[in-house]
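Next come two complexes, and both contain subunit A; in the first it sits with subunit B, in the second with subunit C.
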Partner chain A sequence: MAEIEFNQVGFVYQPGTPFEATALTDINLTIESNTYTAIVGHTGSGKSTLIQLLDGLLKPTSGSVTVGKITVGHDSSNQQLAKLRQHVGIVFQFPESQLFEETVLKDIAFGPKNLGKTNEEAEQLANQAMRLVGLDASLASHSPFELSGGQMRRVAIAGVLAMQPQILILDEPTAGLDPRGQREIMELFAQLQQQQQLTVILVTHQMEDAAKYADQVVVMNHGAVVKTGAPREIFIEPKWLQANHLMVPKTTAFAQALQHHGFKFDPFPMTVAELTAQVSQQLESGAQ
Partner chain B sequence: MTAIISAKSVSYHYPDEKGDALHDLSFDVKQGDWVAVVGHNGSGKSTLAKAIDGLLDFNDGEIFIDGRLIQEDNIWDIRRKIGFVFQNPDNQFVGATVADDVAFGLENRHVPRTEMITKVNEALTMVGMSEFADREPATLSGGQKQRVALAGVVAMRPEILILDEATSMLDPEGRETILTLLKQLRQQYHLTVLAITHDIDEAAMADHILLIDDGRLVDQGTPAEILTQGDRLLELGLDVPFGEKVKRALQDELQVPKEYMNSNRMVDWLWQKLNLTK
Partner chain C sequence: MFSKVLFGRYVPTNSFIHRLDPRAKLVLSFYFIVIIFFANSWLAYAFLGLFTLVVILSTKVKLGFFWDGIKPLIWIILFTVILQMLFSNGGHIYWHWGIFSITQFGLINGGYIFCRFLLIICMSTVLTLTTPPLLIADAVESLMKPLIKIKVPVYEIALMLSIALRFVPTLLDETQKIMNAQRARGVDFSTGSIWKRIKSVIPILIPLFISAFNRADELATAMEARGYRGGEGRSKFRILQWHGKDTAACLVMVVVTIVLVGVRLYS
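Then we have the complex of A and B:
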């Protein structure tokens, strides 16, 4: 089932003024329910505008955005936009900078309370969200500011999950974390997507993450969607990636180099495990 | 060998915290070297950088910069030798325009106006940002901001450049531009670079690596010596460079080389292996 549809969406900042700037042109995009989509593109390619449209923070200048049963266009009211937001949770970049409450539990419960839940309901949702993100229950009464960077980020993520969104948008969720923190957070989202049947949209510069986790990759350049497809379809052409200012995933670059030296890959590997399995097979079959 | 930075048994603990943020650290940094200080978030890397810049009244030990012990009466003098670039350039901007911002440090040192204009222009040209001189820093991209921050630091002609996760907030393109630029600047000005990072590929570029965990120096050596210790790196919350990752994934099936393999060497080695089977 299609959860999200962009239908000929265009967006212009400050139209009719000297500062007019076109951010998106003719976006057509379908995202199925309960899938993992990665949106990639260089800085300024329109990724942020796209996710702000999804969250009802911006209204399309032309065309329409449908999320579930709600469709918004340029003449939609603010109430309609607000309805979009009930389905969508966004984890912004450096989300821990938005923590403010005295305790971890209060901070996480803030969102659901804002949506009209009672104190008790909100705290229950907060406790549940803490479990989901792997925060120990004993941390509930701590100040979020006493925690490590990785833990603070988990608190911020729990705050979004406590609002029970069907769609979870992640804007560079691992920026600034050390490698262990990055691995843990990415594994957490993959797990949540499966267990909670979420529709996950990951905005990222890390092509390795897009290749490893996404069902579908959306490539943006100059405010347009230039390609959508499975990671294997996207990451197989290094020249095309470079032309669109994207890094080539390390696994892709490595496999391509091996191809030049006589190795053959089918299917083209997206992870180190897939790569080395095919490499050792070719070395063994050649030796026999 | 001249050590431009020499730390002897340095320890520090923050007043409100249990345990040492730095514990008995001793090491030397050779003049002109690029040294990567590697460890997970909260391992004490940034505290160490502060100690070297004389920003920390550490409890035990001594740090010498260019042979001089850091003390209260020479700290300003010593700090002149050191340029600091932080993770988030926004925390470093003070000027209304890019040029004003680069001029700020020079102004503080009472550099005469004509000389200052020349130096600012030079610095901006060096980082490829001269056409942005009149722009507001807030309107720049992350990578451009970090280049301006670098110009501000380099305009002061430091001998030592400390980079505190200076590329970690940038997108991959921005990161690569900054790293290339840093390599050039280092050559041109004979800088000693101390780069604090948890990016293992960045560490692989260094001459020497200091591996930090829980405020302790747990190992040091060349990239080849440190980066072949895959299990240990992972245990310390870090990553393994890609070539080594491939090597590790193959080691159950194949007799793999012991020495450090970057991606190119690993490709060459596998190619030879494939030819042998034919």
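Then we have the complex of A and C:
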């Protein structure tokens, strides 16, 4: 089943004013359920607008967005948008800036409570979410503002996960974290996607993450989708990537440099693990 | 929703009014607001209205912007005008019920107040649409200079003013971001009882205050690291210059005043 469908979606900010700005034009996009999609594109290419449309925070000015059984067009009511939001969880950039409650537990339980859960149910979901993101249970009664940056980020992510969304949108979830924190958070999302059959949509500038985790990569440029496909199809053409202001993942770049010196790759490696396996195999066979 | 906020929005069209010295614009628009209260006849208001219209047209800014400036205040204007009409006495009585009455003077006073509001809003909108906020802050600093003699902390006030103006759009963006994040967590700002809606502001206000504190802390550190020691003994990058056209603008205002006084004396 196609979980998410963009049907000729266009979006214009402040239409009819001198500040009118077209953010998206004619987006057609299908995202299957239980897949991991990465949206890449340089700054200002419309990625953030796209995910706000998905979560019902914005209404398309033309076309329609379908999520599951709900379709949202430019004349949809706020109630329909609110219904959409129940299925979609979104982790914004620097999500720690949305924390406000007195304790960590209360803040995480805030989302579920808004969805109509009782206090006990919400706290149970909050405890569960804390375990999921690897926060120590002893932090539950602390104020979120006493925590370190990385821990605050985890609390914010837990607050979204506690709402048990079927679709999880991540807008650069690792921005500003140290390398270890980045890896842990990315692994967490990959695990969640596998275990809980989530549909994950990741907006990122880290091509390595897109290559490593995504099933599908969507490339955006100037408010339009210029290419969709498996990471292998997208990242194999460095010239095309550069023309669209994107970086080539380091793994791919290194593999291509090796190719010039006689190495042959099939399939083309996307992750460090794939690359090492193929290189060591070729070195061994070459040594014989 | 903040796309409609007009405050601090500058529309560059490089008209004559745009190129005036911000000090001249600031003083003249205040002065104009004061002399509006000297007008006491329809003739005087017609004259001031015409003058305002000429100024508005010479800014070359679309008229829609001025309407956007008036729109949010329309209820306050109507409320004041209606109160004035219902509670003013004198002249011919057209209608009355209990303490309420609509009289000739009441109608006239209501009309005057309506004109005053309109003129004041239009003139102040001219000021904000044609002057970048930072230049307004510079103008305030420059005009307050004499107050240093009576120990008013002019540099500090000017610094706070320019930082505040600079961060208005940033804070609006931030508010929008936090609102979106909380809406994504199921907060509904548009439905429910008044009490529920007031409560739904808390998840916006607290993060906003905290981010403002953090921002202030970071800004202060960054300023100190760049050698800021207070206003005393600093030089200025933007230097305001008074030109002939600014004097001309003042002269125009003098003429307006003379006409206004004339209308008041001889009608």
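Here are a few things to note about the model shown:
Keep this in mind: the second predicted complex is superposed on the first by the 288 of 288 C-alpha atoms of A that agree within 3 Å, B and C clash if a C-alpha of one lies under 4 Å from a C-alpha of the other, contacts with A are read in each partner's own complex, and residues count from 1 in each chain.
Going forward, a contact is a pair of C-beta atoms (placed from the backbone, for glycine too) under 8 Å apart; a residue touches a chain by one contact, two chains touch by 3 or more.
All figures in this text were calculated on a predicted structure; none of them were measured in a lab.
Looking at the shared chain after the overlay, A:230 reaches neither subunit B nor subunit C.
Touch criterion met: A:179 reaches subunit B, while subunit C stays clear of it.
Taken together, the two structures place no residue of subunit A in contact with subunit B in one case and with subunit C in the other.
Put simply, subunit B touches subunit A in their complex at residues 40-42, 87, 141-143, 165, 168-169, 171-174, 198, 200, 234, 237-239, 242, 245-246, 249-250, 253-254, 263-264, 266-267, 270-271, 273-275, 277-278.
Within the complex, the subunit C residues that touch subunit A are 3, 11, 62, 174, 177-178, 180-188, 190-191, 202-203, 206-207, 210-211. Looking at the complex, you find that subunit A touches subunit C at residues 13-14, 17-19, 52, 55, 57, 78, 82, 85-86, 88-90, 92, 95, 97-100, 110-111, 113-115, 145, 159-160, 163. Partner subunit B is touched in their complex by these residues of subunit A: 42-44, 148-150, 175-181, 205, 245, 247, 250, 253-254, 257-258, 261-263, 272-273, 275-276, 279-280, 282-284, 286-287.
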